[in-house]
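Look for chain A in each of the two complexes below; its partner is chain B in the first and chain C in the second.
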Partner chain A sequence: MSQAPLRRYITIFFNGEAYSVPHGLTIMKALEYAGFRFTRGSGCRGGFCGACPVVYRLPGDYKIRVGLACQTPVEDGMYISLIPYVPLVEYVPRREELKPDAGYVLKLYPEISRCVSCNACSKACPQGLSPMDAIQAILRGDLRKAAELTFDCIACGLCSLRCPAEIRHPAVFRLVGRIVGVYYMPRSRSVEQRVKEIESGRFNNAFAKLLSMDPGSLRKIYDEYLKTGRLPGDLEV
Partner chain B sequence: MSGYPPEVRKLIQVVEDTRRDRLKAPAPRRLTLEERENLVKAWHPDYKPELKRPLRIGVSKGLVVYSVIADILESWPIVKPGDVDLTNVDYDADVLIIGSGGAGLAAAWWAVRSGLDPSRIIIATKLRLGDSNTIKYQSGTQAATGPDDNPIIHFLDTIAGAHFTNNPKLVKVLAEEAPFIIRWLEDLGVRWSRVGDDLERLPGGGATRARLHCSGDYTGLEVMRVLKDEVRSLGVQILEFHPAVELLTNPSTGGVSGAILYNLDTKEYKIARSKVVVLATGGLGRLHIAGFPTTNHYGATGDGLVLAYRVGAGLVDLDTLQYHPTGVAWPEAILGELIPEKTRSIGGQLLNVKGERFIYELEPRDVVASAIIRECVEGRGVLTPTGTCGVWLDTPLIEVLKGPGTIKREIPALYRMFMRHGIDITQEPILTYPTLHYQNGGVLIDEWTHVLRPSGEAIPGLLAAGEVTGGIHGRNRLVGNSTADIFVFGRRAGIEAAKLTRETTVIEISLKHLESFIADLKSIGVPEKRKAPILLPDYRGEAVLKRIIEL
Partner chain C sequence: MKTLLYYPGCSLKRDYPEAERAGIAVLEALGYRVVELRDWYCCGGYPGSTSLDHVKYVSSIRTLSKAIQQKRETEGDTIVTLCPFCYNTLKQAEKLYSTKPDIYRRVVEYLKDEVEPYRGGLRVAHFVEVLYESRSDLSKLARRRLSGLKVAVYYGCMLLRPRAVALDNPDKPVLVESILRELGAEPVDYPLKSYCCGSFHSILEPSIVARNTGKIARAIVDSGASIVVTPCPLCLSNLRKYTDLRAMHLSELIAHALGVLELPLRALQG
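Then we have the complex of A and B:
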């Protein structure tokens, strides 16, 4: 194997305290290296769940930046603060209560209409989405578009923290996604058909036969199937 | 700032220098069956006897499992009888569901649908609701819904994929009910990917029909978004950051009657008493068996195995685990995350540090994983900036072979994932190494998810579903079958739980099952500081751990 490159150490600041950590770690792993053990603020650790929002600042820069602790690499002189959760008031209506119109969404989350199109939300989004465009789509009544734009939303809440209109984006986007899923997607007939076939007992005999076989016989059938692409007569359905 | 550091860029030069010659050279030949077997036996962790040992205590004494698993099964309980006051019950429920991945949420939904009062159902979960492996799943869920397909073929593919080691009765349930699950989730509003008006069905390794149902690149995110919403809206009681640390048992029957929960914030214990317990705690990737990184979420520490074993559950196939051949080896931010098989099937070549191909890239998963491990152990691997080992996956070659734009079109999620860290995989290769992915075996169950003793007798009051269970996938699981499993059997657990609550009147709780277990622990001299369930991995730096004083 080639020679191990030397590990570079950098300094990060957490809760005002300086820690020396290896370069190249994420914020989450660097804090663990420094001795912290997460209970809150760590979930999937792969950028899928939104459990780990973080705000940070870089040296010589006054700007507050945001990201995911499990995805953002540490930088020398970084000042870090974790946000284990964003306390949004959310509504969780039952499926029967969902209504396929933007007016319903606006009624639950009226602050949507106060969007000033500042785009602060989109700049914050670690998924590179455009929450602003989604909010505007809702205002135009286009729930389908809004759902499409926010399909990859991991509900981290960072956009809401930045929003001057106090919009509760993750909650709104989840609601819109559900409405579209329940009302706007075409139902698959083939699945319906297959479920009916199974319920009518069409495969019962073949299964009974298969369950009476030992592994050796099953192997023979499968080998034959791979060669010929066909199942023995009594298993054909 | 990110991207490859200069020392690694030097190593990439070799990949670039050899690319033109590799284009012309023939592919490494496919191995014969015997060569495959020899390679796997030499290098695959499943074949390393030194990684395993027989259990020394408990109902499956003598059963050989991975030593790390044996260690957690032979650990002291976090609470001992007498440590806790069982007369003060904090939560009283009909059904206590432990874990909130796909299996746990499906169980909760179907328990409500089967007529139980939602306020009498508790989901106790380790982290937030839905923090799980399920939220991370991408490739899709297998179900024989296509006109060219049927449950019989799904059944046979699954059995053959596991080399005929699974429990056929469980596989029948899986294959027969998977289409129903797809429809159920569709009805709840899951936006499955579609082609026209029909669902899209993708091919997957070991499946002879295209039957993977996905939701773009974020299948788990979408399914869990819907299921979390459903369960919340139904009014099921949810206890987040409350992992279960021990089951409670009826002192006279040995049946399960609740659990001791642990508030991760305040460190208090809570007593939850229930007529039925559903174990849905998922897998164990975070135990980093044999030092592997993992694709799993933060809380995947095998807790369910520990809890179930102490009340007498049988275990199967815990001497085998699934290692995905191509995990991310660097950057560390995404260490262990999946690099889909497609990256290789569209032309990505695996290379050692000298820029040589060392295996035909589309051999079965265990064979490819073994070859990568061999390169590293024999000194032909590439040392990553974090000091681990990997091999190259030459992704720019894909664009040479198939034309510019292929990567963004065919593997967009991977492209984005690396771009976040400053690596453009259309220009630079990837460092890859196998990653611990899935717990093939687990707790013994029957078709209605009753947890069984090794004798085959059901433990009263205890059901289990999902990755914590064994038998469905035998010694090897096919892609997309795990999520079929968690919803099919999670649903059955919910229905069965509702039924069992109606048959249960008295609930008595105790820690009686620990008495003989503790005596056994003492008899083999297990140090008292070895405790389980593990709950969360400990990633604190060594320098800190050496000096730590716990108050």
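Then we have the complex of A and C:
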């Protein structure tokens, strides 16, 4: 005879208060179950956006652990602290200013040269990347390697919070990714083609029409599109 | 064929690809299989110039721990590097468990959830040592003798100090000279072969580097040498930046003599 599974409740601690929540939820869902509403520090809920870094500790263990609130399951006795954002200063140079040169990256982010290879960053990364190896690759001038190693960085900033050298990893990685994109990746012909089409005014009428519509009509077009894969005649280009 | 595990080091990798190519070509000409380490980290020589005594060993010990795995696969039991800084730091790290057991224990403890503890089993060697051990082959393999070339060898600090890792007498080193003689060169004698060039002061106190390299350059000019070779990328960079000497990495001159790499060595043809 099958029995309805028992719902097991566990206790978590958040901001110094204890909450009883069902076993099996993620930290994010558990806190919502406990009545909190995320107005910051949540985005995709799928482990992709990096908006929900969390710091926690388990009972009987001195280690501070880190993760993503939308991905980490709650455990009994967990102490939780959320980090809605990591306030890193980032430089975003214009495309023409970028140089395919590690010296340029070091000039913008000189703290890179203080990396002591402690590997605290890699131990923190919820994406399982090795930010240390990427920083080390920059130090030896290999920007392509650094970009390759950090392609999956979701800019949660946890590594930077752990780094004794105060390196701003996600900002550095974004810069390196842009440099490699501009200087080493093959140019995408289809994008260039599309930009030309936009400039030629091909989409102007359709956009003007969309922008003048009320939300109700937009929804109707959208639902229709989902069903049939087609747009009304005057929006086709 | 004997395998050498090759540790490049950041400076050389970044700034002196020609010295690196030359060094590897020379080792291969001498019959070694050169395998670059899969995982290697800044030796710590740079942050190690600060006084954080424990931290500076972390990356070197990690590199050694990971190299042990590659030793099992390749049977290469020697890590060779072209950079004296890296040599010095890796060599000191390699001996850490006997020379500074307390620091060794802390470093290994720190690394324990990442890598297996390094318990010895690798030899750390500088390029110069490998050349010295194969010096009789050098003379057989030479395709361009360096006959009559008056060359000054500038050692810098890191191959000769501290004594525990020194490759030669710090006050009167002769190792590189004896290698070059096998190739027909005429190394000159001069007094400042191991006088510090100023090293990383190039970043914050360049005047120190300007002063020291100036002294070294005068001694070399007085010695009648037409060219200076150094085993150190950092010394090379300082000599090139602050003096008019014709300077090159030792690996380049040897590669030229063995004819394994065409280098634009106009300096030697005049």
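Note that in this section the second predicted complex is superposed on the first by the 183 of 237 C-alpha atoms of A that agree within 3 Å, B and C clash if a C-alpha of one lies under 4 Å from a C-alpha of the other, contacts with A are read in each partner's own complex, and residues count from 1 in each chain.
The rule is short, and it goes like this: contacts are C-beta pairs under 8 Å (C-beta built on N, C-alpha and C of every residue); 3 or more make two chains touch, one makes a residue touch a chain.
Since the model is a prediction, treat every value here as computed from it, not as a measurement.
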| item | value |
| --- | --- |
| A:G43 touches, of chain B and chain C: first, second, both or neither? | first |
| Which of chain B and chain C A:Q71 touches, first, second, both or neither | first |
| Which superposed partner A:A102 touches (first chain B, second chain C, both, neither) | second |
| Which of chain B and chain C A:S200 touches, first, second, both or neither | neither |
| Touching partner for A:T228 - first (chain B), second (chain C), both, neither | neither |
| Chain B versus chain C as contact partner of A:C115, first or second or both or neither | second |
| On chain A, the residue positions that both chain B and chain C contact, one per complex | none |
| Chain A partner contacts - residues on chain B that touch it in the complex | 1-2, 5, 7-8, 11, 127-128, 130-131, 135-136, 144-147, 150-153, 155-156, 159-160, 164-165, 168-169, 172, 176-177, 179-180, 182-183, 186, 188-192, 194, 197-199, 208, 216-218, 220-222, 225-226, 229-230, 232-234, 241, 264-265, 295, 297-298, 331-334, 337, 353, 376, 379-383, 385-387, 389, 416-417, 420-421, 536, 538-541, 544, 548 |
| Residue numbers on chain A that touch chain B, as the complex places them | 1-5, 7, 22, 24-26, 29, 32-40, 42-49, 51, 70-73, 75, 92-95, 128, 147, 151-152, 154-155, 174, 177-178, 180-182, 185-192, 194-195, 198, 203, 206-207, 210-211, 215, 218-219, 221-222, 225-226, 231, 235, 237 |
| Interface residues, chain A side, partner chain C - complex | 102, 113-119, 123, 132-133, 136, 139-142 |
| Chain C residues within the chain A interface of the complex | 8-10, 13-15, 39, 41-42, 44, 46-47, 52, 55-56, 58-59, 62, 110, 113-114 |
